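Scrolling down, you'll hit the structures one after another.
Next come two complexes built around chain A: one with chain B, the other with chain C.
== the complex of A and B ==
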């Protein structure tokens, strides 16, 4: 028996159930269950957030100027982007304007995160869903060299170089050491690359690992420290002194030049290694068109990277703001995070209770009352669920909706909106990829499209780092070295009550923090994170969320090796790094895999 | 022979009660001591890939962490050398061990594995308390952990110079002042204003009375 969802998916739960269950405690724990039909095609998908978390639990009563430091700790991956969102929310509440230089530096910090996160995601968290390491050991280094030189003029491409790397990987794999290459589904028929492409990609996996440490030095320079950089309500905490005569620890010309050189090298690495690899890998998977989910119908972006400081208009955001619904790319709706009718969170299928669960609540009015109950069709026990009952409450994630629509957020959402707007910065690269691969525009709406959008955005971000670094240098040369506005630092200058919202486009999607301040202290604090949007459970109308939608109708080559499920979930860059267990219907552990 | 690069690393999430043990140990070391430039103290949080480069730099690596050894809560245990990655990959409860095991493997793959490796772990009492702090039995281990670290690092000529208190006491890579143990604990919202219960196991226990 099948059920049609309002957002157009046909769910059929009659087939075999397979459970993919991460167990970790990093933000956004997730478990996923699917039903496979007799041909091993996914006909129902259930995404469960397995961890309860509410920021108000740690922040109520604390100083709003410190909130960023706490939010930086909720996630092990995107520390800085939570911090930036938090300082923006507090500034919005208190009406604090920031200097232009602070805006430029914040944008460089955020773009650095985008470029770094996208690169690391592609090579270290996602590539092995497409690249078979064991096959790379069979490659001919000479042919690998020819392949590499045919797609890029990146200098590290000689046969001897690839032979050395191949020997290094061989020794590592043969030593049986635990590590990134353990637990792979090597040899699975879903892998399509020839050995030479596999060797090229694994080689660049190592190069990217070595190079990524350079990119994050920018965080250390402008944020004072890493991996938990410093932020400041009212600006940025780094003083700048180009004449070397100012405060100790101020950023000087030598540091500024280092940032500039890192930006150049980041652009070069992404454009000469990451993008050519992405295109080469994609060319072998052109017929794997699955995983589009909501991307062709409902996408959302809050916009980010404001060109000028203190201008929150959509036109000023270099990453586009907007919502597309019902697949109508001709109409882009404006998004207002203050409007109580637009973003609402529902809990009919979440382990929370509202007085009236048929309605959603805007985050400023958000309540977090846990209510852990399981549906009658649950298999297992409360403490060890074998099979969830998705007709009842089934997730610790609330279901955020935009005007009632389930939305996909993230790089693909941003690029679909930019493309639909006709903005040449987004439209032209997308069209070039499609032309080069000889694919129709529909191909964009897929797992591979999501992975490609992330790559294009990595390059976009690196080039925009250059734009803001140049802008900062021009401002400094003109004599403006102001980086912070502390006029309203003292809580005595604040209103008795204030509320604000801060947003960013985190690498993995739209991120919002809503804060209510009373008598100088935090009275309420709610965050809706990207993985809440993408990993959301169903809503009262029965709409499925982005993860669930993206898994639908995907064939799985081997049920006990759900490579295709991981491929699609990983393409969202879900905010978790964890080991997972794949459980068979009778609860026995089948295979241990890594989901990141 | 020049002094080896020594990394003293605390890992874990301070927001999850005893999960914060590793970070709290290095925070305390940073408060009380200063070191020569060949010794780095780092609050690694729950970082993964970022730590690879730090580990590659180190010839001597000391890690503090909350580990599920399956022992009495609050028990401290030292693991040395080759056993460390295997130990951190032990099935049991994963914490972020799998992540750090991979960090070690990636450093190895890049040809820069530390020559000396010591893990000082403590068996957590409580993890399922978001926004909570170290439990007394675990907090009591901070002193012992520091003493063990001193003993181990003696052979590498590491000097622990007492710090003059607050001035410059916190290294650059330590938690922001608002997150320091005392402020973190005293500023915690009470259970009446912020519900602390949520984990399904906790809720199930509450349901069972």
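== the complex of A and C ==
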């Protein structure tokens, strides 16, 4: 029995059901169930957010200047992006302008996150979906060296170097204690790399693990620590002093040089290790064209990285803003986060209730009433779910829609929109990848396309860090060292009531915070985050979300090993703590919560 | 079992000579305030110890603890994971998923009964029948209790596991509950912070592996070696506090000169952590050094103690006309009194502790 969804997918639940819970190598907790047909092809996919924290309720009645710290704790992986979104929302509400230097430093911090997060995602959360660690033991170190040197002039590439790493992995495997590699899917026929490429990738897995901690030192310099650096409504908390006595107590020439050197090393690592590895791995998986899902039809981006301070126009954003629907790349729609008709959230299939669940609500009017109930076709019990019933409520994630459309957000969405706009910063690198791999443009709309877009964006972000650090230095040279505007720091200067919206493009996609301030306190706070978009359950019309769509029609080599499922889910870099924290501005509704 | 790489071999592989290795051991002993004889014990442990299994569970959290952990510079996290411990379960980095992942927990529980460490990031929610955090179709709290049953000791990573942290802030909609309120029959080491400092995390683990015991804990269950002093006690801006030189406004003259952030709400005077000494990300900086006050993220209930920008004591609201000197003296006086009171309280706590010594029994993990 099959059902056609309005967004064009044929769902068939008659085949064998496979459950993956927990889905690992993601942030937070999620579950995935699929139905396989007789040829082991996925014909129905169900994505369930399995955690919920309720941060918006906690924010009620707090000082809006503190909100960044609370919302930053929505996620420690995309650390800082919620904080930046939050200070932007509060500044929008209160009409606070920030200094140019603060804009540059914020952008450097946001780009640092992009570069770091994409790198760690690729090697430590995603690579082992493509790379077989055990196969690396069979590699010839000389051939590995030749391969590495043929794709990059990164200096750590001698046969001896690869031999040392191989011996280390050998000792590790022989110890019988495989640690995080225990029960992996080693030897699965879906792994396609030759042993030499596997050894190169495993070696860089370890190198990237050592290097990633360097990138985030930029957060430490400007924000005091990472994860969870400090932010400030009105600017940035770090004062700059490059000329005078006391400079050692502030951001001074030595600190600025340290940032600059980290930027150079980040650019070098991404361009000489990450991108060449990505291309090498992709070249062995060109035939694996699955996982496109919604990317070829509906993508959304709010835009980010404002070139100049205090200008939220689309033209001023270096990452593009816009929406593409029905696969029409020739038309980019404007996106307005204040328009009640555009972004709406539905809960028919989420563990929340509305008075009228056939309708969606704009975040300004958002209601969240927790309602953990399972459908009649659930197998198992309320606290022992064996198989979930997706015809009923089945996720802690709400279903956001843009003008009724399920949308994909994230690096691929941004790069598709940038490409469709003809912006050379996006179009040229995409065309180069396609030419180098001899692939048509359609290849972009796939799991691999998503992974490639993330890599290109990592490089883009690293180079843009250089742009903003240079801009900051030019500003200092011109005599401006301001980093904060305190005109409206005192709540006495605020209007009695104010509303604001803040956005960023988090590494995983479009992120928005909506705040209402009353009498100096938060009266209402709502966040709609990237994994809410991508991981959303179905809506009343039956549209499936981006995760579910991307899994559809993918063949699985071994039904008992969910390698291909993980591969496609990981390509979105799911962040469940983000997606499922969402809670009502109306705390009264929590009376339903049962205390055990 | 085939030979596995030991600490010593890791160090040798990194080009460290045996002579330097022994020197490192004696410096470690000195740094930890131990008799010289301990140096040889450290050396022996590092040369011979096999890897202890660690099962790292995740409840309601934001993964900042894991992200912090992988930033460790000494030891490098790659060495911790490949050569020091056997990180057999950690949803954030483990390769396997679903049934294959869950099977590992069973295997380790059986094979290493009483000999593995349970590390917990995040906490279990008890509302919604525990189903606001579902693992393998079941409430996380069940998984936590099962894995805890056979462990040697529990490490509560971060403020979520230690205290509850942000999801437990008022009104705690999911009834997020710290680990020690659910697991009551095992030694628990709290390593609070949002997140804890990377090198403090790896420092606690390597201490336990080296000495085969849990570190000495304070009354709240935190390792004294890293949580025994307040940020304020060792803050490099402390002389400005003592001199009454304060930042009065963001980006003012005082901010640019690195004056004390007390009046901007810094919680350094009431926060026990190693930020002002170990610092962050291999010693690069810490919040105060980068211009923002401490928000007290390693303290119990720090989210519910008023705005991060309010004074520790309620002495805010200085007139605009008051000059820096006047304000400085007034503030220093108030805080001075608060700190004296605190010192007395600490002394009383110490006396109580000495007479009780009730967590001594927990020291043998």
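Assume the second predicted complex is superposed on the first by the 562 of 596 C-alpha atoms of A that agree within 3 Å, B and C clash if a C-alpha of one lies under 4 Å from a C-alpha of the other, contacts with A are read in each partner's own complex, and residues count from 1 in each chain.
Going forward, contacts are C-beta pairs under 8 Å (C-beta built on N, C-alpha and C of every residue); 3 or more make two chains touch, one makes a residue touch a chain.
Not measured: the values here are computed from a predicted model.
Partners chain B and chain C, brought together by superposition on chain A, clash. Applying the stated contact rule after C-alpha superposition, one finds that A:550 touches neither chain B nor chain C.
Once chain A of one complex is fitted onto chain A of the other, the partner contacts of A:222 are limited to chain C, with no touch recorded for chain B. With both structures placed on the common chain, the touch criterion links A:562 to chain C but leaves chain B unconnected.
Of the two partner chains placed by superposition, only chain C is touched by A:176; chain B is not. Residue contacts after overlaying the shared chain place A:369 against chain B, while chain C stays out of touching range.
Counted by residues of chain A touched, the larger count belongs to C, out of chain B and chain C. Common to the chain B-facing and chain C-facing surfaces of chain A are residues 23-26, 50-54, 57-58, 62-63, 66, 69-70, 73-77, 79, 120, 124, 168, 172, 177-180, 206, 209-210, 212-213, 216, 224-228, 230, 370, 372, 382-383, 396, 577, 594. Note for the complex: chain A touches chain C at residues 19-29, 31, 50-55, 57-58, 62-63, 65-66, 69-70, 73-77, 79, 120, 124-125, 128, 133, 164, 168, 171-172, 174-185, 206, 209-210, 212-213, 216-217, 219-230, 232, 234-241, 244-251, 258, 370, 372, 380, 382-386, 396, 481-484, 486, 489, 560-562, 566, 577, 583, 587, 590, 593-596.
Chain B meets chain A in the complex at residues 13-16, 19, 43-53, 85-86, 89, 93-96, 98-99, 101-102, 104-106, 108-111, 127, 130-131, 172-173, 175-176, 178-179, 187-189, 193-201, 203-204, 207.
Put simply, chain A touches chain B in their complex at residues 23-26, 50-54, 56-63, 66, 69-70, 72-77, 79, 120, 124, 168-169, 172, 177-180, 206, 209-210, 212-213, 216, 224-228, 230, 351, 368-370, 372, 382-383, 396, 577-579, 594.
Of all residues in chain C, only 1-5, 13, 51, 53, 58, 60-68, 70-73, 76-78, 81-82, 85-88, 90-104, 125-140, 142, 165-167, 169-176, 194-195, 198, 237, 249-252, 255-259, 275, 280-282, 284-292, 295, 297, 303, 307-309 touch chain A in the complex they form.
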